[in-house]
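Dropping a structure here in structure tokens format, bear with me for questions.
Letters A, B, C, D and E name the chains as they come in the text, with residue numbers starting at 1 for each one.
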């Protein structure tokens, strides 16, 4: 079939796509920052000896991991306000993505925490640090270095998940692409360009995270 | 030299209609899972003109932003999905004649503090209006109620919820939606009796097929003014709760 | 209380619609998992045993797919394929997109599992005179299958979750059904909650099933 | 009467149902260097860990400078002190472990500084100069900014000792600090300990290096199945063991 | 002249640019038991792997019963045989590895049966009884239905030997089959090999167990830097080494 590609309409709106991409990145980074905090607290819950801390944490992780994120997004955007929780589009999306990633990161962090030798904690105790100080100065910094590779793959999949924000009209990359489609009906060209932008950004993100890993890796 | 869509549809024996499934009273599912609504009836009018049978339709449910791509990529013969006619869109698809003129209206609680639009306007800044979130929402409300404060919500059910719970004094949104909601909840709400912000709804087909466009136009036109008027009027009554006056007989109303 | 009864009433009215949505969600997922796994195994084999050019092509394919959001894959296969003359309806396009997505993941899983098998296994098989295809079917593949089962089950659960994205192109799976019901009765809180519960049930069942199979096929030690 | 630096009274410790320390009594004066020897599993490590409250214990008391460690009597009931109080008491003793346990994400200097800053609330600069002084003392002045991964085992163990000593503990505990080291690196660590002994540091050391224990200690304790089997002057202990058990243990150990 | 079971002619093997075998010549009669000794990296394993075509080789020929292994001349050009043909030739030799390499997902019996069924095309029942016979022979009749993970290292190695022997090879290759075993398990494996030798099985074994090589072999080959440094009767080789190199090697090895 003689479909001829014509990208000129897409290039005209290219800056919209770039702004969308930027927002996608912001959403992903915002979500992972909050998600990391949630994940960290949950992870300590998961490894806790007390059932009161462990059970809710485990429940949260199981439930969230088994729910489609789109359902979560729609739920928190359309249904939560009925329960009196009203957030703007972007806030609602970032919060949802954070809660979603928190469940995944909790598992990652849990493994990271368990991999820290007990001796290091004891060495901290022996010089008189309190358990809290040991957590903040030794356990968490070390754990983060250990889980950096998983953290970067989580960031990348979160970045891809930001495309779902289009469902609630957050003007990120996919939303912009769909808008351009409606305006220009250059569907093929738009999706090719959008996909390339996603792939390129993922590649760059991965490379950046590897650089960070190399910087932070503990020299031997 | 290409065959017209009209011939293609006739040959196929049914119409492929693009519309949505999640917006009452335009296009939504009945309890027994049938697609229904005013948009859907427009499609049925076209099908009836084609085959003498309004049910010869294959529905393609689509999200709002899929309306134009699905036309341009030929996934549907025609889309009827409360599509607001704008010049920009008309450069990409061919619009039929409009089948409805939408406006924004105000809905009040039947037993509320304010009787009608005048009372609202008088009350000035002490009135709160709930509207759908939109860049123009504030301006839109202020065009009618310059001093009212505006609360924006994300979905239709929420603006109703706001009115119901007393967080707002009035709801401002499409008149058609208001009308539908009021028929669903009889005696609880009241129309404030003021409309503004007009826009036309049309079906749309792919550009460059005048035969097909003519056909759809004719079908819709005759439903609003000619032999199929009763079909249109029944539908109008069902979804908007209003009886239409039959078109005046004699000199065609269009040329008056 | 009244509200809850009203909700139950609405659920009862919509029971067939919900069941149909659920059925479609399950069949989309199953189809996508089945097709994606078959394709994914081929991808994994190509990545592990392919010659250089083949490996390069397949690697580019998986990297591209894995770098693209599933929603974009869904939208793209619905719109792009038709413009190049492949006419798929929304259901087919959606399943195609999910299968492609699934294949890139399964491909990686298969590659990882095969490469994790110690080379000594291949050598031992060669030493008793097995050909490559015999070695593969009797020695490598059974071990790889056991190794990849848990991750594969995860992927299957991911596919169920990803099937929600087909609502965007109008496939009447569970989520779109839910939205349709909400647009009729405005009970968003209750019905999104119900949808969540159903998805959770499906995935929880998959998880349990996976654990069961894992126990079944585990090699005693 | 001179006040005892360390006093252990009827110390009992169980892991689950297994009693590992079955009533250990022992006192130690300021400036003493005591080696603890005994076969594997006899409870040497456990005793050290109880003194530093790395393990809870079920019976008896441990006093440092007369202050009871870890537990107090409240209304006649034995209760564990608060984490914060225990943390403070742990800083009274310094401990060096078999596995060094340096913090791998911190330089040698930072390892030493951490406790000074967090526990002793020193300013960074002051902590840095104290750290450098102690690293100098263990012969690692040049390595202050190396990470543990960049140091040999022996160097790591010396940093670990510096980290403990820098906290200015009343008493140093050493648990087989040379067993994880390659033989050629043992000497440098033992030298550091000898120097500390010469400076008058009070030390309790678990060791399998009999010759070293013989040379450096003012007293030797032989642990046997959770109790002290024999104790006394190293010359008497090693050359004229009083009990059968010790004689046998010395025979199988490397002391010759 | 008796026909040689194995004949290696000027065998050359490179890994990249490193030449590991630099022209090895060697012949072996039916029923001989030859031990290959030599220091690490001298090419012992590589030679065995070439005989079994687990490695390609660049120069020379290997003949089993006069049939060239792995390569053939076609129009004066040396070409690798088809995979299928090579698979057949591999079955002429049996190999036991240092790491056992049992298939972990199959029982001991299934491990032995696999080659019988797939390569020898035996029926399941027949294969099962052959497998049982051989497992009996290596003293594991009771363990036929155990999985490798349920067996000790020594038992696993015996299953691996049974798996190779059951294929009824012309020649068995053993590559340090006891080095991965705990010392107390070595004996049971060596006993199996001794029994096979006594039955007249032709064997080529790489080993570091000098005493065993001395006892069991009819001839010993000393590999040195990719060539055969010395070969001959074990009594001569071990007790009166002719070359400096071998003497030195024997001194550092455990043979005393």
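Just so it is clear, contacts are C-beta pairs under 8 Å (C-beta built on N, C-alpha and C of every residue); 3 or more make two chains touch, one makes a residue touch a chain.
Labels paired with UniProt names: A = Amino acid ABC transporter membrane protein 1, PAAT family; D, E = Amino acid ABC transporter ATP-binding protein.
If you're wondering where the values come from, they're calculated on a predicted model, not measured in any experiment.
**Q** Could you split the other chains into touching-connected groups, assuming chain A is not there?
**A** B, C, E | D
**Q** How short can a chain-to-chain path be from chain B to chain D, counted in steps between touching chains?
**A** The least step count works out to 2.
**Q** Enumerate, in label order, the chains that touch chain A and chain E alike.
**A** Joint contacts, listed by label: C.
**Q** Taking only the C-alpha atoms, how many degrees of rotation bring chain D onto chain E, rounded to the nearest 5?
**A** To map chain D onto chain E, rotate by about 175 degrees.
**Q** Roughly how many whole angstrom separate the Cα centroids of chain B and chain E?
**A** Between these chains, centre-to-centre, one finds 84 Å.
**Q** Starting from the mean Cα coordinates of chain C and chain E, work out the distance between those two points in Å.
**A** 46
**Q** Could you work out how far the Cα centre of chain B sits from that of chain C, in whole Å?
**A** Chain centroid spacing, chain B to chain C, equals 39 Å.
**Q** How many angstrom between the C-alpha centroids of chain C and chain A?
**A** 21
**Q** Find every residue in chain D that makes contact with two or more other chains and list them.
**A** none
**Q** Can you list every residue of chain C that touches 2 or more other chains, as numbers and ranges?
**A** Residue numbers touching two or more other chains: 79, 83, 168, 179, 182, 188.
**Q** Send over the residues of chain A in touch with two or more other chains.
**A** Within chain A, the residues that touch at least two other chains are 78, 82, 178, 181, 187.
**Q** Any two chains that touch count here, so list every such pair.
**A** Touching chain pairs, listed by label, come out as A-B, A-C, A-D, B-C, C-E.
**Q** Touching chain A in the complex: which residues of chain D?
**A** 52-54, 83-84, 87-88, 90-91, 93-95, 97, 99, 101-105, 114-115, 118-119, 147, 149-150, 160, 163-164, 167
**Q** Within their complex, state which residues of chain C touch chain E.
**A** 118, 120-121, 123-132, 134, 138-139, 142-143, 146, 219-221
**Q** Inside the complex, what are the residues of chain A that reach chain C?
**A** 1, 3, 62-63, 65-72, 74-75, 78-80, 82-83, 160-164, 166-167, 174, 177-178, 181, 187-188, 191-192, 194-195, 198-199, 202-203
**Q** What residues on chain B touch chain A, complex-wise?
**A** Against chain A, the touching part of chain B is residues 65, 67-69, 72-73, 88, 92, 133, 153-155, 157-158, 161.
**Q** Name, in rising order, each residue of chain A that touches chain B in their complex.
**A** Going by the criterion above, the answer is residues 77-78, 81-82, 86, 89, 168, 178-179, 181-185, 187.
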